[in-house]
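Once you scroll down, you'll see the structures, which are given as structure tokens.
In what comes next, chain A is part of two complexes: it sits with chain B in the first one and with chain C in the second one.
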Partner chain A sequence: MTRPGFVLEVDDRTPPLVVHEGLGFRLEEFPLGTRVVYPPESLPAVDDVEGTIRNALLDPVDSDPLPELLFAGMKLTIAFDDLSLPLPTMKAPDVRQRVIEQVLTMAAEAGVDDVEIIAANALHRRMTPAELRHIVGERVFRSFHPQGKLYNFDAEDRANLTHLGTTDEGEDVEISKRAAESDLLVYVNLNLVAMDGGHKSVGIGLASYKSLRHHHNAHTMVHSRSFMDHKKSAMHQSAWRMGRIIKEHVKVFQIETTVNNDVFPKPYEFLQKREWEWSVRDQASMLAARRGLALAPQKLRHKIFHDMRAPYGLTGVSAGEVEGVHEQTLERVHRQHCVEVDGYSDVLVMGVPYLGPYNVNSSMNPILATCMGLGYYFNSYRNHPVVRRGGAVILYHPLDEGFNQLHHPSYVDFYEEVLAETTDPAVIGEKYERQFAEDPWYVHLYRTSHAYHGVHPFYMWYWAAHAMDHVGDVVWVGGDRRVASRLGFRAASTLADALEMVSGSVGTSPSITYLHNPPHLLADVRV
Partner chain B sequence: MMLALEMFRSLPRTVAGKAMGSRMPGLLSGFAAPLRLVTIEEPRVDKPGWAPLRTRLSGICGSDLGMLSGRTSLYFSALVSLPFVPGHEVVAELTEDVDDLHAGTRVVIDPVLSCAARGVEPCESCAAGRTNVCSRITVGDVSAGLQTGFCHDTGGGWGQQLVAHRTQLHPVPEGWSDEQAVLVEPIACAVHTALRAGVRTGDRVLVSGAGSVGLFATLALRELTPAGEIVVVAKHPHQRELALELGASDVVAPHEVLRRIRRTTGAFQLRPEFSSPYLLGGVDVAIDAVGSSTSLETALGATRAGGRVVLSGMPAAADLSAAWFRELEVVGTYASSRSEPTGEGAFETALRLAAHPAVEQLAKGVASYPLHRWREALDHAHSTGRLGTVKVAYDPRSSR
Partner chain C sequence: MGFVNESIDDVRRTARGWRWGRRSQVPRSAEAFVPDQRQAVRDSDWSRTKAAVAVREVAQKAGLEPVFRSQVRTQVQGLDVLERIEGPVIFAANHASHLDTPLILLSLPDEWRRRTAVAAAADYFFDTWWRAVGSSLLFNTFPIDRHGGAMATTPGEVLDQGWSLVIFPEGTRSTDGWMSRFKMGAAFLSHTYDVPVVPVAHRGTFAAMPRGAGWPLKDAGRRRQLTVRFGEPIRPREGESVRDYAPRIRDAVAALLDEDTSDWYAAQRRRAAGATPDPSGPDVAAWRRVWAQTESPHAENGTRRIAAWRR
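Here is the complex of A and B:
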């Protein structure tokens, strides 16, 4: 029986609690009365993965079964979520591989021979062949990649984009030409958190900057409360408007998969257990990990963490019409992540781990750390932020990983040039976004190397715009002071120092909530 | 008799300078430079137009430091007459009347010893007003020397007295401090640099270096040319502020320069094996105001194909592949000319620019030393950027 998430109130008997901080973690003693939000335990995984997928394809939501949509001579495109999902990377075989293999089997049975498989990476970096192989599996990779039928989407390949029209709000809808001209577009999603999936899949994953700029901006993000709640997210509303335009032109068969909270493999399972329930073996593992990480050089720590493969279990598959499918998906995601939290607090504490969607096999640079803390984690709420307006956010991360020049070249310029001038997301967007988005060098690196698009750091900063707008103070515990200052924040050595620093805005006895994340959680704040 | 610092011939010191000058310039100029404090006869040139002057202030230039630390090319050895008293950035006062100028007049000196000063028929360059590239600088009434401060017969500003020809003298406007006046010569060089840079309307210009040469070049570019964006490379915070006050659009640290130029120009950046990165594309004009191989290679690597690279600092050896491959115009700019493309001499223009409020402010930071503290002065001059100074000078009148 899976135990639900809950809120612990720290008392005299509470042991020190795990707080993630980049390539490591610490055990923190929180002030008495601190609320600690724990995610639900992992939902049980389905036993018969192949059968669950087959059932979803044969008995879809608001759609004919997949085999009935396939016919000889048709043009079939299969798109799939890229390496930004799930986090950490899933232990092989990836569930997308198992779905794609079944879709290809059905296509072969129907005599379909014009099939292309596209990684829906939008403005993310191109995946390497090894990364593609990990997601789609050896068999699919060998059958399609050498012929150029399995590839990364290129949002800057003007000749292979199609403008489908504009929404009532004047938003351009421009997506992959191959997808737009296919008789059927099958989208294979891996829905890790509530913001994923739905019309975001095709409408964002296969879209160009011309489309994305309408919802990936500071204004939209400030009005997405939160972007983990698609009905209250201006970004999702825009994506949904676009999705309906896509639906008018393209037949989309959406396949959404959900996984449980089994994030940490052996011997790190203790990180997803509640600390007072650690066995002797867990405590020994924790001590060994802490001692080992303390002694290891940064490169080794990076390797240890980034080599982790999560033993996720599949919790369900839904297929068919996009919106109907997504309703079912969200129900499962909420069951796995939602925790009821009674009211908000003065201070929100979060540990930023080593990994986010944009540093898989790469570095968690300061901009990505900000995006992870003030973007993804801060927005992990429904109804109301976990912290009050004007309150304080305390984050843990050393901010010391630097920039990966291969993956994040435009981030360096963003950090050195743009953030040196201002940290206001709206001003930044107005003054610099277009320059970076159209820079021919960034475009070149995005298309031919493994670089995120030139505009990507702006999106990361916009992701944090709602938090920056909502809270008064942001302090990084253990963060590099110069880096924190460049980001427009402050750094403290300890939690006590951080609380002292924010006492001007929240008083000396603030209410504190700590989100014990990862594994993922979604705070359902009741006000 | 007078007190002066004298550069003399010393094989051991010159060899030491060659061997170690680039690594330990401060140590060399302080303790092993071929320079000594001496008491010598006042210089005298008994020819028409020559007059004696008493030095009030004389700056230490980058080329002086290069010479003392053995970094200067031996190319120049044929253009000087040892021993000599260095110092070519000079503000002094006449001790006798000369032509229309009376004794006591405070003047700055255009140090170039051209045909007129040497009493020979004007060479082709001098006849055209391009006195800085005079072809007769080794002959005539005074001994060989490309400038005052490199010539045995004239003396230089690092002595209590020197002599100069009337054609070299420019009266200092009333109300100016000596510190402001001593900046006129480097500003005149910057005027010449800016006008040699061939800047067209809206051109993007990179100034590599924010010592006095780079800062004054920035001022001259902004005031005398239709340059668009001027990006200055500066190491130190005070240089950054001064560059912005003098007309820079943007100031970048040395490690940022290629990245910043690449972004503003939309250039592509390449990284060759075992070598520094460079751009395909870049600024229209780059000015090397340092003279190091790194600075020159940065300028070459950051300039677009067909652009112009101006050598303002005395250049070091550098990889010229970019000049060939990108068909760059590499232009030298030496001292200043009495007839610039603006129609007036560089010194006349410099006297106007030196009245700029930012220069007035900058003049207040000129650090002056008496001659007997010459080692301290040279150490300070080697570290001006780090110590927040733009110019270090000798005040031969001072005893403390």
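Here is the complex of A and C:
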């Protein structure tokens, strides 16, 4: 029986609690009365993965079974979510591999020759062959990659983009030409959090900057409350409008998969247990991990964390028409992540871990750390932010990982030039976005190297726009002071100092809520 | 040095936070979400083997008893009842402290003590292997489920094997030293297996080591007094139901408590008149109930008996 998520109130019996901070974690003793939001325990994984996938393909939602949509001589494109999902990377075999293998088996039986498999990475970096192989598996990789039929989407390849039209609101819909011209586009998603999936899959994953700029901007993000709740997210509403245009032109067979909360592999399972339930072995593992990490140089710590492969279990698969499928998917995601929280508080505390969607096998630079804390974690709510308007956010991260020059070249310039000027997302977008988006050097690196698109750091900053608009103070515990200052924030050594620093806006005895995340959670705040 | 100091800090924080050497605690707001303990260690058959009995004999005589007597003084009454019956029996006692079990076991004559097992809460004493092994080895405990679930070994099987049982029918230690309701378990076992119940009443264990205390407290540097009294065995009457029988066991313990504070005849008179003081204590403020129980009982006549006979 899976226990539900719940809100702990710190009392004299509460042991120190784990707070993630980059390539490490600390044990924090929170003030009495602090509320701590714990996610539900992992839902049971389905036993028969292959059977579950097959059933979904043969009995889809509002669609004919997949085999009936396949025929000899057709043009079939399979697109899949890139390495930004799931987090951490899933232990092999990845569920996308298992889905794609079944789709291809059916396609082979139907005699389909023209098949291309595209990683829907939008403006993310191109994945390496090894990263592609990890997601699709060796069989698929060997059959398609050498022939150039398994590849990363290139959002700057003008010759291979198709403009499908504009929405009622004048938004351009421009996606991969191959996908747009296929008789059938099968999208294989891995729906880790409530933000993913639905019309966001094709409409964003296979779209160009021309299309993305309509919803990836400060204005939209401020009005996405939150972007984890697609019905109240301006970004999703835009993506949904675009999705309906896509639907008019392309036959999409959406396959959405959901996984449970088994994030940490052995011997780090203690990180997803409730601390007061730690056995002697868990306590010993924690001490060993903490002391080992303290001794290890940064490179080794990076390797230890980034080599983790999550033992995620599949909780379900839905396939068929995009919107019908996504409804089922969200029901499962909510069951795994939702925690009811009674009211908001003055201070929100979050530990930013070593990993976000955009630093897989890379480094968590200060902009990504901001995006993770004020973007993804802050927005992990429904109905109302966990913190009151004008309240304070306290984040944990050392902000000391620097920049990966291979993956994040434009981030360096964004940090050195743009943030030195202003940290206001709206001003930044207005003044600098186009210049970065169209910079030929960044475009070149995006297309030929493994760099995120030039405009990507802007999106990271927009991701945090809602939080920046909503809260007063932001303090990084354990963060590098100069870096925090460049980001427009402040740094403190301890939680007590941070609370002291924000006392000007929230008083000396504020109500505090700590989101015990990861594993993933979604706070359903009842006001 | 920084690393060493940080390591020491980490260990200290862990030791304090997770209460090393003491039972861990669950935050109050998380109590509703505590996982089911029924998967914990349950098998205790090994603890009644000859080898375990031999180890226990050494542990109790060479370890437990000297330590116990160095910390508390005891006065035992009524053991003569055991000369008139043969085991197995069920010792049903009031429960106020972790001292109750060693007090009763160490008060029994050796031949009885060696053949007596103690029913212990599975969720408390059998939640980890080391706690299960420790308590089984030292006290001959076997697990019972306070919530009515099935166990690998039932108390009936232990009785069938010829072992007497110590059962605390209240199911848990008293929070204020006074007796609470008796559950049906002891009466049910006596009724089903036709085994007599020997009521046992003791006083002073709450004053010496209440809930939360990890070691017996001293009174101005002196060992605290405990008293224990064994009563006449009782059996279910012809046609008597368990529901009717259970209160009789409680009444017997209550009469023994009364006897321990006064004398046998006066207690018998009050019992006959239905005027035995209510062992659940007076309906007064909580502090007054606790206050009354924090006083250790006085040994009989307040005099020390001849050392050779003292236990």
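The criterion applied here is as follows: the second predicted complex is superposed on the first by the 527 of 527 C-alpha atoms of A that agree within 3 Å, B and C clash if a C-alpha of one lies under 4 Å from a C-alpha of the other, contacts with A are read in each partner's own complex, and residues count from 1 in each chain.
The rule is short, and it goes like this: contacts are C-beta pairs under 8 Å (C-beta built on N, C-alpha and C of every residue); 3 or more make two chains touch, one makes a residue touch a chain.
Here the structure is a predicted model, which means the values were calculated and not measured.
In the three-chain model built by superposing on chain A, chain B fits alongside chain C with no clash.
Between chain B and chain C, it is C that contacts the larger number of residues in chain A. When the two structures are aligned on the shared chain, A:Q283 is found in touch with chain C, with no touch to chain B.
Once the two complexes are overlaid on the shared chain, A:A294 sits against chain C while remaining clear of chain B.
The vertex angle at chain A, taken between the C-alpha centres of chain B and chain C once both structures are aligned on chain A, is 120 degrees to the nearest 10.
By the touch criterion defined above, A:L192 reaches neither chain B nor chain C. Touch criterion met: A:L8 reaches chain C, while chain B stays clear of it.
By the touch criterion defined above, A:V412 lies against chain B but remains apart from chain C after alignment on the C-alpha atoms of chain A. Of the two partner chains placed around the shared chain by superposition, neither chain B nor chain C is touched by A:L355.
Look at A:W441: by the touch rule set out above, it reaches chain B but stays clear of chain C.
Measuring only between alpha carbons, the smallest separation of chain B from chain C in this overlay is 34 Å. Put simply, chain A uses no single residue to touch chain B in one complex and chain C in the other. Against chain A, the residues of chain B that register as touching in their complex are 256, 259-260, 262-263, 266-269. Residue ranges of chain A in contact with chain C, taken from their complex: 1, 3-4, 6-11, 13-16, 27, 29, 274-279, 283, 286-287, 290-291, 294-295. Residues 412-413, 416-417, 435, 439-441, 444 of chain A touch chain B in their complex.
Here chain C touches chain A in the complex through residues 3, 6-7, 10-11, 13-14, 17-18, 24-30, 32-33, 35-36, 128, going by the rule given at the top.
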